[in-house]
Amino acid sequence: MDFLNALVVFLNFVFVPGLAYGAQLALGALGVTLIYGILRFSNFAHGDTMAFGTMVTIYATWGLQAAGITFGILPTALLGLPVGIAVTALLVLATDWLVYKFYRKKKAVPTILVMVSLGVMFVMNGIVRLFIGVEEQNFADGERFFISAGDFKAMTGLTEGLAIKTTQGVTVVTALIVVAWLFWFLQKTRTGKSMRAFSDNEDLALLSGINPDRVVQVTWIIAAALATIAGVLYGLDKSFKPFTYFQLLLPIFAAAIVGGLGNPIGAIAGGFVIAFSEVTVTYAWKKVLTYVLPESIMPDSLVQLMTTDYKFAVSFSILILVLLFMPTGLFKGKSV
Amino acid sequence: MSRNLLLFAGVGLLFVLTGVFQSWNLALSILLMGLLSSIMALGVNIQWGYAGLFNTGIMGFTALGGLAVVLVSARPVPEGWAAGGSGIVAGLVIGAVSIAVAVQVWKRMPKGMGRNLLVPAILIAGFMVYRWVFDPAVTAVEANNPASAGNIGGLGLPSLLAWPVGGLLAAAAAWAIGKTALGLRSDYLAIATLGVAEIIVAVLKNEDWLARGVKNIIELPRPWPVPYETDLQKSAEFIDWATRWGFDPQGASMIVVKLLYVLLFGLVLLAVIWFSERALHSPWGRMMRAIRDNEVAASAMGKNVTKRHLQIFIIGSAVVGIAGAMMTSMEGQLVPGTYNPLRFTFLIWVMVIVGGSGNNWGSVLGGLLIGWLWLIVESLGPALMGQLTSMMAEGTLKAHLIDAAPHMRLLTLGVILLVVLRFSPRGLMPEK
Amino acid sequence: DDVKLGILLGFTGPLESTVPDMAKGAEFAVKEVNDSGKFALGTVTTVNGDTTCVDATAATAAAERLITSEGVKGIVGGDCSGVTGAVLQNVARPNGVAMISPSATSPALSTAEDDGLFFRTAPSDARQGEVMADILTGKGIKSVAVTYTNNDYGKGLADSFGAAFTAKGGSVTVSAPHEDGKADYSAEVATLASAGGEMLIVAGYVDQGGKGMIQAALDTGAFSSFYLVDGMYGESLIEAIGAPLNGAIGAVPGTDSPGATSYEAAAKAAGFDGSNAFSKESYDAAALIMLSMAAANSTDSKVWSTKVMDLANAPGEPIMPGELGKALELIAAGTDIDYVGASSVELIGPGESAGNYREYEIKDGKIETVGYR
Amino acid sequence: MIVVENLHRHFGGFHAVDGASLVIETGSITGLIGPNGAGKTTLFNVIAGRLPPTSGRVVMDGEDITGLPPHELFGKGLLRTFQIAHEFGSMTVRENLMMVPPRQKGESLINAWFNRSAVAAEEKALRAKADEVLDFLTISHLADQKASQISGGQKKLLELGRTMMVDAKIVFLDEVGAGVNRTLLNTIGDAIVRLNKERGYTFCVIEHDMDFIARLCNPVICMAEGKVLAQGTVDEVKNDERVIEAYLGTGLKNKVKGEAAHA
Amino acid sequence: MAEPFLIGEAMTGGYGAADILHGCTIAVEKGEIAVIVGPNGAGKSTAMKAVFGMLNLRQGHVKLAGEDITGLSPQDRVAKGMGFVPQTHNIFTSMTVEENLEMGAFIRRDDFSDTMAQVYDLFPILKQKRLQPAGELSGGQRQQVAVGRALMTQPKVLMLDEPTAGVSPIVMDELFDRIIEVARTGISILMVEQNARQALEIADKGYVLVQGANRFTDTGAALLADPEVRRSFLGG
């Protein structure tokens, strides 16, 4: 029983949150990694694209809710998602046409594109704030929990509870489906292969009759979809606030890079590496130990390797460590 | 060449216009920021433009420069030092030694199980001893008057001295980072250095014994020879001088202080440029460009790529560290919470790229231009919004837009940045 | 002619969601004064400057612009202690312009040299720590976990509370910081849960990490009762979290004067959230500046700043929000006033709020006052 | 003298070099031939320190040089060219050559900053040397062109030119001839022979042009599937049945006939 | 004489300000093989790129089957049935050998497994390395992939820039044989070669380019027989 309690404590505070956060990062990292893989630059505007997509979805959700449409135990926002994706896709396509295309034609080096994406980031940043403002928006509805801590205790009779939020479940499942799809799409489909060919050698892609404009469009549309999905799921689980989405950029990049840039599987792995290293290394084992150790040798300290002050630092240290042994990430990423 | 002069003249004009239409004080304080940024941009350009190292740890080196100012010139806290200074030093030494031992063991021992066990064992044991010595000392130091001290204090030396020390601190950190992470390429190096910078700032934020952490250190002394405006305003001599020339003493005091800073920063900037330009246009610079273009071939042509990378990484970081120290001693305070990657890393990168990577003067131009832009959009953005909304009918939309006016700041910045990059896709002064 | 007031706050950056209601508060006071028609020195207008909260250079430049270009006669701000210190030392003092900060709470600022030009309507952390310890020991609570926002405000508050609470025999199981605006707080919540405690003390901002911490603690079942510091006060929290927040307690600066309530009501009517963090303090800061100007009959900071302490403290006729017109009349008549305002301003020592606290509890989704300290 | 002892280099499960042992005698021009994918370039890469071997040793003049980094090998007088040209694209063709000599004074920052005259004098000499090499390679008109903007064959010439900038002991040439005009290649062949005779350079040459190999090389080593298949004089190797089957093909005989008919 | 199937006529142009080509003309008839030779830097690759539309021509034009295609993008020329193997950067290094070949057949909508089998027959080593990223191949193997990719297109005109550079003699012979075969099926072949003697042997027409202009133009055999051409350009 005590052992079970210890396990539940661990699951509840480390495993489940880590899994959900990891999946959220992974979804964001997928978009970053896709742009890097095909268009060959680190897109700093991705965080704000996520914010934009989420914003549109929020408006759509409000509309649906006003019309009395809901989605059962699942959040209504999932129904609004297609709208968000569509509008975001239009926005990024317009951005590409207005901004990025020029540099592509000029064959600008990747760092120029990175700086350009910073400019785009600032602009999107402003657009989102002009529309929806800076405040936090809560748009989650439906059932909050698959199982709440209290219910779990009542069900199992354990002293410790285990909570699994609906959004956590949805996020993890979505992340897995999306990565599988993306992997399949890039590796097996004609369009996917042409996208990889384009990223590998643009001139030669041209000589093979691949339409570069189409490749770029498809890439942006998928990226917009990924950004919107990631943003909405994150917003449902935590909350939507433009500034946080900007802050998300850093761990998302960390995830994409540690996994190996350009590799969808890597993005997933990277997301979990970052999330779990944040949560586990600074975890205080005291509570777990109270269940498994006898009273007499129970330490009174928190049994914590590092204080949470350093959780970011720790996750970065782990990232660096991984890179030292695998210089292009867990899954042999690209580098431009 | 004339094009470049024109560009500089153009940027100069921006500052003059700011002086005329806003105020000279504002123009000068933006110029100061621009000069500091230019120095940082030069540091980055040395690494990126010369050697292709994608360093995004600029924020960390800037912060280390700031720390140097605290350690060198902050008011000493003898009680704090007495309470645990020696313990802290001992702890740090133990930590460093155990890492060094682990590294040596890793290098010397043959691959295999033994090494894989021994090295972590050394590290873990070292960590335990370190914590055992270090933690009580820290607690003791932090317990000393936490509201206004709680740290080990500085040496109380002149602030100017902290500038080279800032460079040294940054160089030392760069050495450590370089030794471990320079094997990484492009974005992988970028994220690693970004991470190190985050770690450095995390340490500054959370190690209260060092520089009071998030409780900040204020009232750091000014660098020689810059006086305090309030002192000038009280000095009869100065008032005399100002009135003789027909200035209002208060206004003059501020301009004089800023001009002195401009002079100081300008001298440092020129020195850095002189050294960089000489280096760039020498066989050393040629070797660096070769390494940047093709490491494999450079190595086959007998150039020690690892060593050169380390060298240039250290030099560039030291320059950033110096600039970081200059900034902190000008602001007179160390606030770890202000170090954020957008402002201290990516903005500097924008400067380098907009200026034209690989071109020192480009970096200076980029620093001045983007520095100006970064600060001027604070008023420009909302003003633009004011223009836009002035034609609109009253209503919720207008109210909403006016509320959102501050956010025109970044939007305007973004738009102008995109425009600049559109007209000079390789930077304003491309490497030839 | 115009008298310009600078509102120097972090309109963009980490506090961007908190600041609008602060700026509105200050503007609200200005509007009230102008509408009263009793301000003899001219029409008061406001000019906004953006500190970004984190970028001292940007804040300094913004202040430089407000003062040397716009010619403001007083500043409401800055918001975050770091940028406030930089502005004070490098711009306000040299120019001799006074500032009243609604939210910079760092104790270090109390001792900073300011030539009498710096005030704040936010209470210093030391006092609040005492009050918190009193409230909790009064409830018989022995052990708590603390999470604070990782800046001088949170850290200072956590420190002073920790000291006071231990002195009273309580124990703090863990005091863990959280960074505002971050993506995930699982690690922090896990640590707090592991350390345990009867209650979670949340020393953060209501629309920042503090809210995230509460949400995560509730979701995982780590804590079910909370103590909310002044930065955590706000209707928006109840709205966002809902029923699970019932039972949470807290205290905000305030006396049994009706100031806070009337201000919140007026704010609601004017279309902004007056209960949001530091909105009241901002209103008070602006009001104090204008009243001091009136009292000094001068817009020169060096002159009016000498009046601030007088006006803010007893003795005198108490002034509530919405009574600025009346206050101006009284001042003109030479009657002594005691500005109470929305946040019960009482300035002690080097110009900071002494802090009376209103203790409240959240019951059925409503904030109910339970007493004063 | 370079001695390669039982060298292996694996990529995953694939054995690119699979137990090759060979000797490159000092003063020789050794030819290395073999079918595509035989492991020739990989062997070069291992010898020149670009790739670590999976196992085996490389000995140079009695000293074990296995796994030394390329720049140290360069210091020992071991030079190589790349099959796929590795030019320094953003530098001019002349600079590409001038950067080669080791231990230049101006490569030290202190000299670059404070000892300009010494550096300038050295630069002058380097420049003259570079121009001489460019002249020889018939590309002096390209001296100030960016190396990224020259033709494929010209890049190959540049590869070769770099080895001519220093006094080398042993030079590994990986298909310098591919893509180079045959008339010019003949001149290059003459130069190799001259360097070999006059300056005592040792050469190891990978080439698929058998005429070229035949003109220059003795001995010739033929590799296949990561192993040494045959070695000896050109004629011995050329007539080795296994070499013909794996590498030369029967077409060569026809072609040789064709040649005879034209001549 | 009727106009050739593909002709780049009096082409003048270059990469930047300076012209590389000076009124250079190159043509190939249906089902024939044309070979371009010349010293390094003569402008052979540039001429090929010009014919393929990867270069802005200042003067001159390109015609395919009588139609002026000077204004078309490379991609459109692919659609018109032109295939090209550049001299460098001619494979997708991060994609497997098989994917490289598939990309060659990108514009084909029919079943191309036959063509792929033929390519594998021609270059058996590629079949072995089918699933390996092409960037990991040896120099000669890459070249085979590059040619294989172009063959997959089943173009009407096949343009090859030094297809045999770096391939072993045995493969080179196979390759030339195959090129003859391909030409016999009615496909025009335009190629640049430094293995000029072998190439001219199978060429119906030969061009010697020097400094961006035509120096000699004749049948392959005639050029081979010209002693000056042999000495100056073919290595004696």
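Labels A, B, C, D and E are assigned to the chains in the order they are written; within every chain, residues are numbered from 1.
Definition applied: a contact is a pair of C-beta atoms (placed from the backbone, for glycine too) under 8 Å apart; a residue touches a chain by one contact, two chains touch by 3 or more.
Not measured: the values here are computed from a predicted model.
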Labels of chains that are neighbours to chain A and to chain E: none
Most distant chain from chain E by Cα centroid: C
Inter-centroid spacing, chain E versus chain B (mean Cα positions, whole Å): 54
Geometric centre distance via CA averages, chain B-chain A, whole Å: 30
Where chain C and chain D are represented by their mean Cα positions, the distance between them in whole Å: 75
Residues of chain B touching at least two other chains: 205-206, 403, 407, 409-410
Chain-chain contacts as defined at top: A-B, A-C, A-E, B-C, B-D, D-E
Chain A residues within the chain E interface of the complex: 190, 193-194, 196-197, 199-201, 203-212, 334
Partner chain B, residues of chain C touching it in the complex: 11-12, 16, 20, 48-50, 54-58, 60-62, 64-65, 67-69, 80-83, 85-86, 89-90, 93-96, 106-109, 111-113, 115, 126, 150-152, 154-156, 159-160, 177
Contacting residues of chain D [partner chain B, same complex]: 48, 50, 69-71, 74-75, 79-80, 82, 86-91, 95-96, 98-100, 102, 104-109, 111-113, 116, 119, 122-123, 162
Interfacial residue positions of chain B with respect to chain D in the complex: 275, 278-279, 282-287, 289-290, 292-294, 296-305, 311, 431
List of chain E residues in touch with chain A within their complex: 52, 54, 73-75, 78-79, 83-84, 86, 89-95, 99, 102-104, 106-107, 149, 153
